[in-house]
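Before anything else, here is the set of structures, which you'll find just below.
Same chain, two partners: chain A is paired with chain B first, then with chain C.
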Partner chain A sequence: MSAVLASGLTDFLRDAVDPQVQADAMGLGAIFALMAVGIGLVFGVLRLINFAYGQLIMAGGFALAFASERGWPVVAGIALCVVVVVGLSLVMERIVFRPLRGQSPASMLVATFAVAFLLQSIALIWFGPLGKNAISLVELNQPVSIGSVEVRKISVVSLATALVALALLVLLLNRTSIGLHMRAAALDFPTARLVGVRANAVSAVAVVLAGLLAATGAVLLTVQYPTVTPTFALRETIIVLAGVVLGGMNRLYSATLGGFAIGYVFGVLGGALPTNQSQYLTSFVFALVIVVLLLRPEGLFTRGGRVVERV
Partner chain B sequence: MRAPRSLVQLIGPVGLVVAAALVGATVSRTTEIYFINALVAVSMVVALYVFVGNSGVLSFGHISFVAVGAWTAGVLSVPEAEKPAFMPYLFGFLRDTTVGNVESLVLAGVVAGVFALLVGLPLMRLSGLAAGIATFAVLEITNNVLRYYENVGPGLNTFSSVPETTGLTQAALGALVVIVIAFAYQRSRFGRQLRAAREDPAAARAVGVSIYRQRLAAFALSGFLAGLAGGLYVHFLPLQIDGVYLDLTFITLAMLVIGGATSLWGAVVGALAVSALDSVLANAETGITILGWSFDVPAGTRLVVVSALMALVLILRPSGLTGGKELAFGSLRRLRPAPAEAVE
Partner chain C sequence: MSDSALAVSELEVAYGAVPAVRGVSFAVGEGEIVGLIGPNGAGKSTTLHAIVGLVPARGGDVTLRGRSLRGWSPERIARAGVALVPEGRRLFAELTVEENLRLGLAARRENGSARDALAEVFALFPVLEEFRRRHAGALSGGQQQQLAIARALVAKPSVLLLDEPSLGLAPTIVDLVFSTLAQIRDRGLAILLVEQRAQRTVALADRTHVLANGELRLELTPRDAGDTDRMIAAYLA
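Take a look at the complex of A and B:
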């Protein structure tokens, strides 16, 4: 019995450190980190967890599929994706987020839950349950050799894209006045308004940035899963949300790390576990989420035992 | 004189359920299905209300208790000869046991209640967003396990050959039992303590309320009722794992929020109102004629309308259609001036 267990563990460890599994896991972690930043950015300013974030990515996916089916050049497809996602984000901000401002986080979460189902069911009527194919970028799934190991191009591209996007975001937040306004609003919205931060502008900028990140996520995700259905990115969003809460919602970097960590764990476990166990991957990951929430409800990557929310 | 006065609040929810059942008894068999569905929905939403409404803590996890209840009642009431057909890998004791209708419903509640109690032991320490995400995690895990663990149920197969005992009578009786239990709980000292903690946690603590214990009790009771509702559900239609997952979670939450999450009356009104709307739209998806005006809306319109309605209610009237209050008979109060409410 213990011999079987030991050999199982050895197999698992061998597969877990396999460079390809590692690269794929990091690629997935990078995409999840981008989504986590998008969710964290909106939460920071509006105190609202956007459950409908995945449906923005789904809309972006359908835009890419639309372009790909008509044989548009890749750049045009990405442009359409960005326009659709950012446009939808702004509409959502205007007609849902803004009126909800000031309500409890839980009821805002339920409201965005409703918006998520609304967008999903609209997509179902519009495109049908089978979805469309976005295949303009599938060649990125081909392997590329780095030294002696082969990894899929998309893993490298995802990681690079995430790093560039995050670097740009850090520059924006730290070096521009709108970035300063956003950080102020994230710390204390009412006081920030008192000293002249324009609430609507800040909230719109946060939502646009989150939309840009969602569009990026859509482009990267459609490479891995080219079939865009109405439930596209739904599962990923649930996992990222868990990751964001896990990492710590209060700060952008802890939320990002949480997103990356959960994507990475998901990737490694998914790549290394044998099939009869990997079907329980969701259970493993969410059990981990519960354990972490119990041990550190304020987040894994936050400093000190600061209580985020009193009962 | 206290008991009769408080029982007045029960008239609304009970009356509405009885009325729905009576109307359901007069219509054709195909339309009756919608009434049964609505009554089962009442059980689920009231079960959800017992925890969410009284504690003010969000739960995305209650459909996992419905699922556990449905699995318990379903597995135990399929005739032994039929089990191997779609549940070939069942544990021996499940394979060789078959119980009657009522027993299966009680067991569904008990198993789900115990499950909720165990889950609640650690989880009820959390609040706010962490609680929301943790209950979501429970839903994901339960769904994942029931989906693939074929030793305890049909896995991805559909529950066929479960005796279809949930007709109009059983659905209505089930809903009434759930409503009466929910009412008794919210009038009990435990329910009052929890509601006090919802309104002002600090003040409730100051007068000695253990928020953790009260939440745990409500969670377990609400899990029990949700399991019972799951049992009713599996006896009503051939269920499959996707039938007790995100869509049902969403619909039941929507019903509760649209009705008004903080009152029993709101839970019942929400469940029946959304069910009615849903049924009309479901008919419209296949094409109906109302007053000479024929509808034909595309498939999927139901979810669009219900989710848009839910978002609208949250934005425009966050306390729901009923304002989150119990049905009050103002005229009765005025006829007989009530003594000071301090004891309440």
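Take a look at the complex of A and C:
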């Protein structure tokens, strides 16, 4: 018995450090980090946990499938995805988030639940439970050699895309006046308005940026999971939300790290667990989340007591 | 009255059923400091908050050069040229001195260069230039108060409201705050100064209103500065 266990553990460890598993895990972590930033940005400025974030990605996925089925060029498909996701984000901001500004967090959370399931139901009516296929970028699943190691192209692309997107975001937040206004609004919204920061502008910009990140997430996720169904990205969103809370919801940096960490762990476990045990993956990850939160309730990547910028 | 920079007429504010400001009227002209003093809970801060749109007025009106501000959002009022130095300063402690000042630029109407605007407030408060890269939270109380005033001034407002700017400050800093106010009044700003330090306020301001229980009770001029305390005590007794 113990010999079986020991050999199982050895197999697991060997697979866990396998370069391909590591690369896939980092790629998944990168996508989750992008989603975490999107959720964290909106939370920072609007004080609202957008549970409907996954449905934005789902809508982007259907846009990509629409373009793919019609044989549109890849660029056109991505453009459609961005337009659909950002447009939907703005509509959501205008008719749900903005009127609820200043309401209790519980009301806002329930409102985003409602939006999430509304969008999911609409997708079910329009596209059916089996969904559509977005296969324009599916060849990114092919391997590429880096030195002596072969990894999937999408892992490299995901990591590179996330790094570029995050760098651009950091530049925007730190080097532009709208970025400064967003940081101020995240720290103290009433005082920011008092000095002349336009509440509607910062809220719209936060939502548009989160939408751009969701569209990016949709493009990258459809490569991994080309079948877009009405529940597309739902599980990932819940995992990312857990990651954001795990990392520390109040700070964009810690939320991003939390998103990356949970995606990475998810990827390593998914790659290293034997096939007959992979159905335990989600329960395993969430058991880990509970343990971490018990040990560090304020978040894994927050520095105790020190106040750092939220955005 | 309508040509005053700022005019408050018959202002009524209530928190729920509790009236906080009852029928208050006064005006502040360009190049004028008007003081507003009175005991805690008299309605001084509430009056300021109603002017800048943080609390809704139940009745009456606030006008900026004859233009009503009723129903405007705080950011719109700020952008129209009314700047508040709030009680407790309300700085962004985690942002640098310079970032706090750049935030003040959000409300600026004229499009001069940001550098010139910063240079002007640095001339008034040299310590802010020295510490421009420091976090606002790392400054001393007196430096923070200078930053709060500078953040308001950098927007080049036509009306400056100050809510107890001398609260908790060392005497030398209080001197600096009061002398700075006298200096910027001479540039044509309309200043409304809410204070606890009755005597100094009466001495500095062109007129000082005494507020009690949400109503204006008494108007004092610098001639009354010698025995302000006695006058107020006699009046409120």
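General remarks:
Everything below uses one rule, namely that the second predicted complex is superposed on the first by the 304 of 311 C-alpha atoms of A that agree within 3 Å, B and C clash if a C-alpha of one lies under 4 Å from a C-alpha of the other, contacts with A are read in each partner's own complex, and residues count from 1 in each chain.
By definition in this document, a residue touches a chain if its C-beta (ideal position, glycine included) is under 8 Å from a C-beta of that chain, and two chains touch if they have at least 3 such contacts.
The model shown is predicted, which means the values in this text are computed figures rather than measured ones.
By the touch criterion stated above, A:R183 is placed in contact with chain C alone, chain B being left untouched.
The wider contact with chain A, measured as residues touched, comes from B rather than the other of chain B and chain C.
Of the two partner chains placed around the shared chain by superposition, chain B is the only one that A:T282 touches, whereas chain C remains out of contact. In the superposition on chain A, A:R193 makes contact with chain C only, while chain B stays out of contact range.
In the superposed model, A:W72 lies in contact with neither chain B nor chain C.
Across the superposed pair, chain B and chain C both touch chain A at residues 308-309.
In the complex of the two chains, the chain B residues touching chain A come out as 57-58, 122-123, 125-130, 132-134, 136-138, 140-141, 144-145, 148, 201, 211, 246, 250, 253-254, 257, 298-304, 306-308, 310-311, 314-316, 318.
Across the complex, chain A meets chain C through its residues 177, 180-181, 183-184, 187-188, 190-199, 307-309. Residues 49, 96, 99-100, 103, 105-107, 109-111, 113-115, 117-118, 120-122, 124-125, 234, 238, 241-242, 245, 249, 279-280, 282-283, 286-287, 289-290, 293-294, 297, 308-311 of chain A are the ones that touch chain B when the two sit in their complex. Put simply, chain C touches chain A in their complex at residues 52, 54, 73-75, 78-79, 83-84, 86, 90, 92-95, 99, 102-108, 137, 151-152, 155.
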